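Before anything else, here is the set of structures, which you'll find just below.
Okay, so subunit A shows up in both of these, paired with subunit B first and subunit C after.
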Partner chain A sequence: MILTPEVSWLAILPDLVLALGAAAVLLVEVQWHPVTRVLAWVAGGSIAIAAGITVLQWLAASDAVAAGDLGSLTAFSGMILMDGFAIFGRLALLATTALGVAAGWQFFKDLGRRGAEGLALVLLATTGFSIMVASNNLVMLFLGLEVGSIALYVLAGLTREDRKADEAAIKYFLMGSFASAIFIYGVALMYAGTRQLTILGLGDFLSGFIVSSPGVILIGIGLIVVGLGFKVSAAPFHTWAPDVYQGAPAGIVGYMAGVAKIAGFAAISRILLTAVDDFEASFLPAIAGIAVLSMLLGSVLALVQSDVRRMLAYSGVAHAGFIMTGVVGTSTDGILFYLLAYAIQLVGAFAVVAAVSGSSGSGSALSEYRGLSRRSPVLAGSLTVLLLGMAGLPLTSGFVAKFGVFADAWFNGYEWLVIVAVLASVIAFAFYLRIIVIMYMEDDESALIEVPGVVRLVLGIAVVATLVWGIIPSSLLDVVADALPL
Partner chain B sequence: MLTALVLLPVAAAVVVALIPSRRRELHLPVGIALSVLPLALAGYLFWAFQAEAGYQFAVDAVWYEPWGISWSLGVDGISLPLVLLTALLVPIALGASTAISKRTKEFVVYTLLLEAGMIGAFLALDLFLFFVFFEAILIPMYFIIGIWGGERRIYASVKFFIYTALGSALMLAAIIGLAFNYSEQFGTLSFALEDLMQVTLSGGTERWFFAAFALAFAIKVPLFPLHTWLPDAHVEAPTAGSVLLAGVLLKLGTYGLLRFNLSLFPEASVDAVPIMGVLAVIGIIYGALVAIVQPDLKKLVAYSSVSHLGFIVLGTFALTSGGLQGAVIQNVNHGLTTGALFLLVGMIYERRHTKEISEFGGLQKVMPVFAGFFLFMTFASIGLPGLNGFVGEFLVLVGSYATLPVLAIIAAFGVVLAAIYLLWAYERVFTGIPDKEENRVLLDLSPREIGLLAPLAALVLVLGLYPSVLLDKIAPSTESVLDHIESTTDYVTPEPGRLDDVYVAEEGDS
Partner chain C sequence: MTLADYLPIAVMLVLAAGFVAVSLIASRFFRPDRPTPEKLDPYECGIVPEVEPSQRFPVKFYLVAMLFVIFDVEIIFLFAWGAIWTELGWFGVAAVAIFTFFVLETLAYVWKRGALDWNVKRRARYIQPDVQEAA
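Let's look at the complex of A and B:
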């Protein structure tokens, strides 16, 4: 007998709005061929509506938690979760998307008629990832992951004339599909071992029964981590990242990397910390190993790059390691804080890269940033704050984020990992400083860079967020403290 | 009020930043004028400060409750002189920066932010807050060296940044570890110094934490063999940067050792006395020997810093009343005299665009006022009785003789060596006949430059003749540090090590 799942449109309304927004962008384009600005308003509108609905869901969810009515936090017969974790993840994705679209404005405009495709793909990618952070079912999670990833592959290669972008897109696609296959194999093994597909079901099963063949489950966990590790570019699964960051259109890389990290780590933390947490003793050392490898490899390799985009890619690997440290700390709020703070810094940093590349060349080579403080104080100043934020200097959100995950890891008994992590952050200082040195301490008399208003807005938001969350950490920490998974 | 003291420089920086770039002639004067406000406030603080142990004017506001971090400031006899020194040196350093021709506005803003960070670090009573200030200081200093420095400024600034960041990174790990131990023992999280002092640590853990803190501060001091960043940073930094670096930034290291290492890890501190003492003495002798052979005047002063700061560390780890008081007052002395020496080197550099000692000669005849100030500061730095350096070094040597007699005797040779390298440098630069054409036409100090040096010279004299104006306020606090060590460990200060004995000795000598 097949049971029809109960349907509650409200739970997935934000995702529906985004998907409809994507369709609307395409249809409006086909019907009226408007200027890109109109399409951007349609896309922006759907993001705003989705965000508004998510905020309402947040309020409803906290009421439900306060009333002890945990049942109302699941929908579609437990396929979809509406807990604080999912809702915060969605909000983080939407914020990154909104900033990403604004930062990539020039990119969409330059695409001409294909700009509509770009905007639609962005909305679809966010829809997929949004489903992913909210899903309780591993197959459902896989669907979300694929919807999001495939949209990103296409986005990476959207500028068909650019051979570098083509290469990046193909690489991203091949590696990414491979990772997805590994992930779904891991899900299959989990099912084989437990007959459970839902995350909550797995959690109950594993804490309620003694598993006769833990080996299958452990292998399943391993494959899932490997698959998602690809998506978040954790070492040693990071090899695609530098090429993709370098080749994909600058305007959109920040968004792509940001949402992939948020969704990937949300899935990793949800699966590892709520579904299979009874195996923590077995898999945490391995996660710690990935964390160490990512932090050290990412920081050291970033140090030797002469290309800002590759540098940011390797710094992304290092950040994956730092967030993995938070996973080892088994506390989701530290991870969520880190994800949002980092994603926003990343989008902002790539907005600067895009603006620099808009005036001259690819915006990649370190030498293009020479004397940027003269040519555009706004760009240089914002990038400095964002880089210092990524480096984790105090008074930025990056410091609070790092402090949070380090403290969690220490409190969970991984003192050595924290020591490795603080040393890796020092290595990381060195390459963030290199960019700042080039911008401020070397002079260059080339032309001033005109910064469009929308980019100024994005940078302003990113810088303010970085500083405010750094100086008044409670402004975000109080929020993530409520964003607990069921 | 302490909050105001930290935020005033920030407000001043904002004001300067808001002055439009086309009014560039205004940036420096406004910056100087505004930087006098914190000085006035610090002066009031000094006047209102009661000579008692414990923190005064304490401010405690919750920053983020679940983490147990708070905006917690307070001043005691150990931090008071340093706060005053910072507030004094910033206007002077800015006043000495008229030669800064490019990007004046940014320079003034960074200097004022640096001041806020330094004062904050001296006042912070919460380890999280302290760490925030401690790290935040790096950024403005990094820019000051990197933008307005000499030829190898980028190398020097990055080296400075990485060295200090490396030290503080491990300290961060230790801070987290301390808070973890506190939460295990007391059930809540807290980063307050007072709370963390109550944590009982196992011997091994305490040593590790001590080492992590000591590394951070030893790099900052800098203690041999971690000093290699200092000459580079000093030589490349602009005059104001050198003055603040030597005058205040290095004091964060000695202050940190005294405030945090001794109080948080008393057992490990007592165990570490021989190591720290030996390193300090190596620094004293090594710094002095290297200073002797320096052909560059600024490098000479930089290495003399390594030597002088060795005295402060030696005094701190002597764990006697005299040693601790000497360490605190020597912090101030070194800030005044070395700050002044860097100013003087900067002034001659602005005129001759060289710092090579061999380029000078016979300046006494051309620039008598300059030579007079230089000689005065040289004597103060050597420790001539009647000037401030004597008081500090004497207290340190007497204090450390009680516990580390051999090291104290060796360290005393550092005083002799200081006389050699400073007086020899003076001889080569100032005496004889001015045989180089360029040297004959040099202008003597302008009234502005005299105005910058005069307050420093006056303080050198006051502290030399009447040190108790400062010592009386310092003593209760350093005594309470010793009390804390004696009450938490089985360490007993050997006779004559505590306050009364030292005072008797001092009076008997003078």
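Let's look at the complex of A and C:
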């Protein structure tokens, strides 16, 4: 007799809706050849339905926690988790996806008949990452990681005419599959050391038994951190990021970077802080080292870039370091706050990049932003707010996010790391201010820029989110405080 | 299993590599060596080659090969399910139905997009943007 897992449709319904949405986009396109707007409604509808179901999951999970019924938070015989952490991660992914599709709208339109493929790939990438944040089994997590990553590799090279985009796609693909191989090798070593594949099972095993020779487990942890470190572009595994951010179509880079960071860090914090937390004394110094390297390298190298997209890539490396500081602080709510705030700022910033230098092209020289405050006050104003948010100015969500992860690390005994992080934030201020100075203080006689309504909407949402979460942080802090991993 | 159990495999490896090396080196010394242009040509079923091998050939073979691989892999999964489907019950039916739906959906899509059309010119018709969205 074969034991089949118990089926809980609610647990996977958001992912199923997204995958069916991707299929529907493709089939509607080949059957009726509608204008691209119709496809956007199909894609947007499936994102909205998935988000609605996820909210239902959130309510069900809150009820279960209130009733003390923690068993109902696992589904599919312990394959899928429905704890607050997974559901919040999924909501953050869906919000980033909705904003990303809207910000990249011009890109999908320019693709013409292939716009449906772009939309379907976006939905599939979100499906994969959504499985990744919700999976309890390391092999399931790997499957989600691959579904999401492979869709992103194709998205990076979707504009066939552009050689820079081809280069970005190939680099992303090679480095990414290399990282996936390293990750799955780490999973294999974890299994070899403990005979456990589930995150909760690993946690129980390691707290229940004393492992006399933990070498194989420690190497496994190391390989998993390296593999996921590639995906979130933490130094020294960041080398692909600048080329990919620069070469991939501008309309979609913000989305790609945002979802990869959310899913990658959700997986890192779940594995490190739930599964192998008994080895914290061994791996936290290494994580702190990665954090220091990412923050300093990202901030310093961003200073010398002459391309806004490369600058945002190196700032992404620095942000990976700041979020790693939160991992060192061993508290997940600070990480979740940071991820959502940063992903939304990133999508907004790249919406501006796409509006300034074309949504399907590659590269975005700093000189193109000269006098942007005159050519388009909307773009300049919102980019200023978003960059100040990334820099971590008080009264923006970036400040609350940085304060949260720094405080966690400080109280976990890593005072030196927080001091380095604050220094890196000061360096980072310099290059964010450089863009703002160029936009406002230098003149340029180029033509005015028309900003489409949908981009205005995305920028409005991103700016409002950055300011509201900065001025009234409790509006999001109260939510992430409930988003605890099992 | 101790390391000593692998000794026969190591011996076999050495023997196989040695046989290849000895026969290649020995024949290099003993065989007659009288090359002619015909003998140095690439071997093509004994027929004189008519064209250079490095010519360009249509990439449509690649597309068909890719589609073949997808459906080949699908069949592999279906065989495994078919062997034990009574034991898996409705769970297996549902899982295979979802899986098959997505594969068939792919088939419908590539078919409609003209990927199965052998005539490259006719296929291009599908890919050209014939619907222009109002700006």
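Note that in this section the second predicted complex is superposed on the first by the 479 of 486 C-alpha atoms of A that agree within 3 Å, B and C clash if a C-alpha of one lies under 4 Å from a C-alpha of the other, contacts with A are read in each partner's own complex, and residues count from 1 in each chain.
One rule holds for everything that comes next: contacts are C-beta pairs under 8 Å (C-beta built on N, C-alpha and C of every residue); 3 or more make two chains touch, one makes a residue touch a chain.
The model shown is predicted, which means the values in this text are computed figures rather than measured ones.
Novice: Would you check which partner chain A:V30 touches, where first means subunit B only, second means subunit C only, and both and neither mean what they say?
Specialist: second
Novice: Output check: A:G112 vs subunit B and subunit C. Expected answer is one of first, second, both, neither. What do you get?
Specialist: second
Novice: Any idea whether subunit B or subunit C touches more of subunit A?
Specialist: B
Novice: Go through the superposed model and pick first if A:L388 touches only subunit B, second if only subunit C, both, or neither.
Specialist: Only subunit B is touched by A:L388; subunit C is not.
Novice: Looking at A:F265 after the superposition, I want to know if it touches subunit B, subunit C, both of them or none. Which is it: first, second, both, neither?
Specialist: After superposing on A, A:F265 lies clear of both subunit B and subunit C.
Novice: I'd like to know which partner A:F322 touches here: subunit B for first, subunit C for second, both or neither.
Specialist: It touches nothing on subunit B or subunit C.
Novice: Between subunit B (first) and subunit C (second), which does A:Y342 come into contact with in this model arrangement: first, second, both, or neither?
Specialist: A:Y342 sits against neither subunit B nor subunit C.
Novice: I'd like to know which partner A:A19 touches here: subunit B for first, subunit C for second, both or neither.
Specialist: The second partner, subunit C, only.
Novice: Please name which positions on subunit A make contact with subunit B in the complex.
Specialist: 388, 393-395, 399, 403, 406-407, 410-411, 415, 418-419, 422-423, 425-426, 429-430, 433, 437, 440-442, 473-474, 477, 481
Novice: Across the complex, what residues on subunit C touch subunit A?
Specialist: 84, 87-89, 91-92, 94, 101-102, 105, 108-109, 112-113, 127-131, 133-134
Novice: Within their complex, state which residues of subunit B touch subunit A.
Specialist: Going by the criterion above, the answer is residues 63-67, 128, 131-133, 135-136, 138-139, 142-143, 146-147, 153-154, 157-158, 161-162, 165-166, 169-170, 172-173, 176-177, 179-180, 183.
Novice: So in the complex, the part of subunit A that touches subunit C is made up of which residues?
Specialist: Touch residues, subunit A against subunit C: 1-2, 4-5, 7, 19, 23, 26-27, 30-31, 33-37, 109, 112-114.
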